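Each of the next two complexes has chain A plus one more chain, namely chain B in the first and chain C in the second.
Coming up: the complex of A and B.
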C-alpha cells in the first residue's frame, strides 16, 4: 500500500510555478535562480508533483513565528 | 554570478619526487658541522649561506635580497640508503598488502579491476570521494595467491612505526622501495594514488630536503654562546649517521654493522619528522627535554594551526583581573593607570590640536596623559623618551601622528572569554583609575558572565576613527541592554540592587525627608522639591521613572494566588505605575533585574538606550543607598524554625516513610498494581519517589510558613535577588531524595547501597533519602549519598560545557557569514538565499516584546488601569 505523501501533515504544500510566476519571483527577490534554495528532482515530493529540473517550486508551510510562510526552491537534477 | 569572484576548480595533493627535491635545492649538504672556529658558516654545512640569511644587512647568496626579505632556500641531503617516511608507513603497509610480492600487480582479477576502474572513474567524474572504494579494494585485494602470476602471497605486517615485516622476514627499506617501484602505473589508482602527482616509491626517501635557516634560526645567548634550533640538531644527527653509513659501506664493512647504522639512520629520519611517533623512544636534547621536530611544530593546541594561525596575538590590547565598581556607569570601564600609559591611541596632528599634542609629548611616556610614539609623515616611528621629548616637540607639525596615552572618554572594546554571544564583547568608555584591576559596573556582569573570584578580561583599543565610530553606535553597552536572545534586558540590577529596591519600595517603608535627600544625592540624581513631609519608598523610586510611564505587571514576589486580588494584593506584588508614579507594588527582580526587568525593558523600548542607561545607573545606586540606610545581612539564623515546626516535619517524614514501607510491603505481597507501560518494580520506584517528593515539599511548606518578609534570606529568595525557597527549606527543613542517573540510588554493593542495609532493602533511608536538614547536619550515610548525587552533578556540568561548547562552535562556523539583506532576506556570502524573510516573520527579537511583535494582553491591561484611575 502506497500512501500519498502530499497528504501527510508534515509535508508542506508544494506547487510548481508557471514561467511568468517564476520570473516574477526571481525579479522580486532580486536573485539569480541558482541562488535560491534547491530541491532534487528525485526528492519524493518533487517526484509526486512531477517537477522538472529548472522549475521553481513554491512551498507554503506553517511557521511557529509567522503562522504561514512562503519560500521557493529551484529543482535540480 | 553576483558575489562569486573566483572559484577554486581543484586542489592537487601529491608527493615530492627525489628529482623535485634536488631541483628546488640550492646546495647539497654533506658535513654535519655548522660553523668553523671563527664562527663563520661552513659551506655544504647545515648553515650554508646559500640557504638564506637571517641577519638584516647581509645579502642572501642565492637570491641576493636582504635578510628579512629572503624567505630562505631549501638544500638537500643524499641519503646513503633509502629510508621509510613515517607519515606514509601505514599507506606503504596497505599498498604492499594489496600487491603481488613478485609481479607487482594489484591483487585483483581482471574483471574486478575493470569494475573498480569504472566505479572510481565515476566518483572522480562526479567530484565525490573515492575513499570508500579504496577501502573496499584494500580488503578484496588481500589474497593468498596472485591472480596474475599465481605466486603465493605471504602476510605483510607493520611493526610500528616503520618496520614492514613479511612472514618472519623484516623487509629493508630498499626492498620496500623495489616492490613499490614494481607496481604498474595504471594500477596506482586502485590503491588510491593519482599517477599524475605521485608515485608509491616516493614514500620511501632517497633524498631528504633540508629546510632553509629561516625555518630553524639559531639564537645567540647573552653569553655569546650560540644555541641551535631543535631541527638543526636533528639534521646534524642525520648527517652524522649518513656519513658513517656511507664510509662503512664504501669500506666494505660487515653486513651487520651496515644494517645497524641503517636502522639508526631510519630512527633519526623518523624522529626528525615526528618525535612522538608510537613505538620509538623520543629523541632528546642534551638537557633531557624531548626535541620539538616537524610534526610537533604543527600539531595540537600549541601548534602552528591552533596557536599561530587561528589564534594570533594582537597589539594595543591589555588583560588583567576585574573587580567591581558600583560608582562608574555601565558604559564605563575602569582602566589601571599602568595600562593607560602603555596602550595608545593614534591622533592625527592638525594645527588645531598641535598644542594639546605637544603637552602630551611634554609629559613623556611615564606621566599619565602622555605620549609614547610619534609617527612622521614618512611613516618612521620615533619613540618618545624623557631625554628626547624636547627635540621631538620642536619637530612636531601637522601631518604627524602622535600615539598618546589612553584617556578618560576613549572608546575601547572589552571582552571576557568564552565569547559565546555578541554581548561578550562590548564597547566601554575609559575611566583611568588607580590600582591594577579593570573596574566594571555590576550590571554588566550577567552579559559577560563575570564574577570577581579572579576572573580576567581583555581590552582592545580602537586604532582608527572609523572603528571608533562604528563601535560607539553599535557596540556600546547601552545598545546591548536588550538581548537578541529573548527580547528582554540581559543587563540589569543584580543581588543587592534587587533586595535594596524591594526594601526601599515595599509597603510601609517610610523615610524622613532628610534621609531621602541623602539617598538621592548618593545616587547622583537631581534633587526633588522639598515637601516638608515624610516620603514613602515608592515616591522616592518614582523620581527615576519617566513622567509618562504607565505599566501594570505582577512582581517576582507574586505568590500566584488562585484568585488575583490585583491592586489589593496583600503581598504588594501587583505593580501599577501611573504616569511615572508607583501606585501599588514593590520593585524587585521583575522591575529592573537582569533577564526579567519589565520597567527597564519598557524604558529601553519606549525612551531609548540613553534614558535606560541613566535609569539603570541611578536606580542601582539608589537601591544601594536604600539598603545601606537599613542594613542587610544574612546568616543561618535566618533559617531557624521553632521546635514545634521541627516536630511537625519529623512527624510528616515519619508518615512518609511508613507510607513507603507500606508500598514496599504491597510490592512484596504482589498487591501493587502496575502502571500502564511500567513493570511492577518501576511502578514501585515511581510511587516511592512521588511519596518522598511530596514529603520534602510538605516539609518545605511547613518551614516556609514560619518565614516572614522580615527575614533577609526570604527577602532575597522571593525578590529573586539570590537563592531560592528550595535552598532555604533544604537548610531549614529537609534535604530530600538524592539521585544518581535520574532515579533513587541503587549502586554500590550487590542489591544494596551500603553494607549497613539488608540485601534487597528498598526503604527510603537505604536508597538515599536525606531526612536531615543542612542546618541540623547529615548523618554519615546521608552524607555519603549526598556526595554521590553531588558528584554526578559536577560530572554532568563538566561534560555539558564541553559538549555544548563544541556544538556552539559547529553552529557558529556554519552560520558565520549569513546576513540579513535590506530586503529582509537572509543570504550567505554568495548571495544564496537561506530564508526569504528573516525568522520567517522578519522580526528582530531584540526589538520585539519577548519574541512577539506586541503583547496585546498587557497593553489592554495598561489601558484598563489608566481609564480606571482617570475616573
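Coming up: the complex of A and C.
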C-alpha cells in the first residue's frame, strides 16, 4: 500500500539526492537549501521513499508546457 | 530525426531547451527533411525566439498571474450549481468552486470521486456493481419489505426483502451481524425481526418507540465512511463509479480499484493520501477544468504559479488572509491587505522590523519599488 501511491498519476517521480548531488544542485541554482520549496517528512511520498529531514528530493514533473520539468524540495521535520 | 541528434546541436549552441521543444524540433526536422546545416540554423533561430519569449528577471509574475486568473473570473457565473457529467450528481462549478480551490477549504461543498478499475475488472459489470454497493451508503430502510410500529405490544417488527438484498449484492449474515451489534433487544426469526426499546419508562414509551423506529431505519449496513450516493457509469469500454462524498484513502485500499487513476476533487484529501506534489497537480487540474468548463481559457503557467505558491511550504495553504498574503514578512504589506489594526498592534508589541524589500511597503513610504529595473542594486566590493 505504501509504495502504491508512487504509481498514482498525480504523483510525480521523487528521488533522494546523494550529498554530492545535493551540493551540486544548491550550487547550480545559487540558493541556500532553505530557499527551496519544502516537503514534510511525514508526507506520504517522503515516507514511502524513506527520506530524512535535511535531504533534498529531486522531483521530475510531467509538465503541460515543458514536457518534463525537474525541481527540488527540501525535506523538513 | 532522432532526439539525440537535436540534443547534440542544442548543446553545441550552448543553450538548454525544454524537453517538449526538442521533440517539436525533431518532429519538424523530420517533416521538412532538414539537413545538418538547416537544422543548425533552425536551432539558432529557436534559441533567439526562446530567449525572447522567456520572462525577464524582476518581472512581476505574481501580479500578472493574479490578473490573468481574476479577469476571466469576473465573467464566470456567480452561482452555478451545474450537474456535471452524470445528471444525478451535483458538483459545485464556476466561481464558487474556483474560490474554494484558492481558499484551500478544509470542507469543500461537494466532494466527489471518480473510481476506476484494473484492466481485468473494468469490463466486468457484476464486479463493479458489487464494489459500488460496498462503497455506497446503504441503510436498513433500503432493503425492507415491511415495517410496522406496534403500539399495542410496544415493539416494532420489520421484514427484510430478500430480493432487494440480492439485488444489492449484500450478504444476509453480515446484515444480521450489524443489526445485532447495534441493537440489544432484538429477536431474529429468519427474515422477520422484532425490536424493543431499551428504555422502558412508561412515561416516554411512545417517544422511545418512535426514536427506535428512526434509528432502525437509518442503520447503515454497507458503505465507506463519508461516501453517500454512488453512480455507476459506462465510459467507453469500461465501467466507472462516481460518488457523492469522498474517501480516497479507503477506496484506494480496495481490491480491483485502479490505484493510478482513481481520484477525488478534495485537494486536502489528495495531500493527505498522496502528498504535496500530488496536491499541486490536483490544484492545477481542478482550477483549469473549472475554467474550461465555463468556456474560459487561462494559460496554465499562471495556474501553475498559484499552485506552486500554495504548496511551497510542504502543505497546502490558502491565498489570502490566513495563507500567503497573511504570512508576508513585511508588516506594512500585511497591514495594507486586511486586518490593519491587528497587524500594526502585534508588530509594535513584538518590535518587528520592516526591511522594506517588497513592493507594497516601498509604495507606502514613497520609494522606488524593487521591480523590473528597480530591482537592481549596487553592492560595493570589499577591499582586500
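Basically, the second predicted complex is superposed on the first by the 74 of 77 C-alpha atoms of A that agree within 3 Å, B and C clash if a C-alpha of one lies under 4 Å from a C-alpha of the other, contacts with A are read in each partner's own complex, and residues count from 1 in each chain.
To be clear about the criterion, a contact is a pair of C-beta atoms (placed from the backbone, for glycine too) under 8 Å apart; a residue touches a chain by one contact, two chains touch by 3 or more.
Predicted model only: the values in this text are computed from it and were never measured.
Touch criterion met: A:65 reaches chain B and chain C at once.
In the superposed pair of complexes, A:7 makes contact with chain C only, with no contact to chain B.
Residue contacts after overlaying the shared chain place A:31 against chain B, while chain C stays out of touching range. Measured by the number of chain A residues touched, the leading partner among chain B and chain C is C.
When the two structures are aligned on the shared chain, A:39 is found in touch with chain C, with no touch to chain B.
Residue overlap on chain A between its contacts with chain B in one complex and with chain C in the other: 37, 63-66, 69. Remark: chain C residues 18-21, 23, 252-253, 259-261, 263, 270, 272-278, 281-282, 285, 300-301, 304, 308, 311-315 touch chain A in the complex. If you check the complex, the residues on chain A that touch chain B are 29-32, 34-37, 63-66, 69-72. Contact residues of chain A toward chain C in the complex are 1, 4-5, 7-12, 14, 37-40, 43-46, 59, 61, 63-69, 73, 76. In the complex of the two chains, the chain B residues touching chain A come out as 1-2, 823, 825, 827, 830-837, 839-843.
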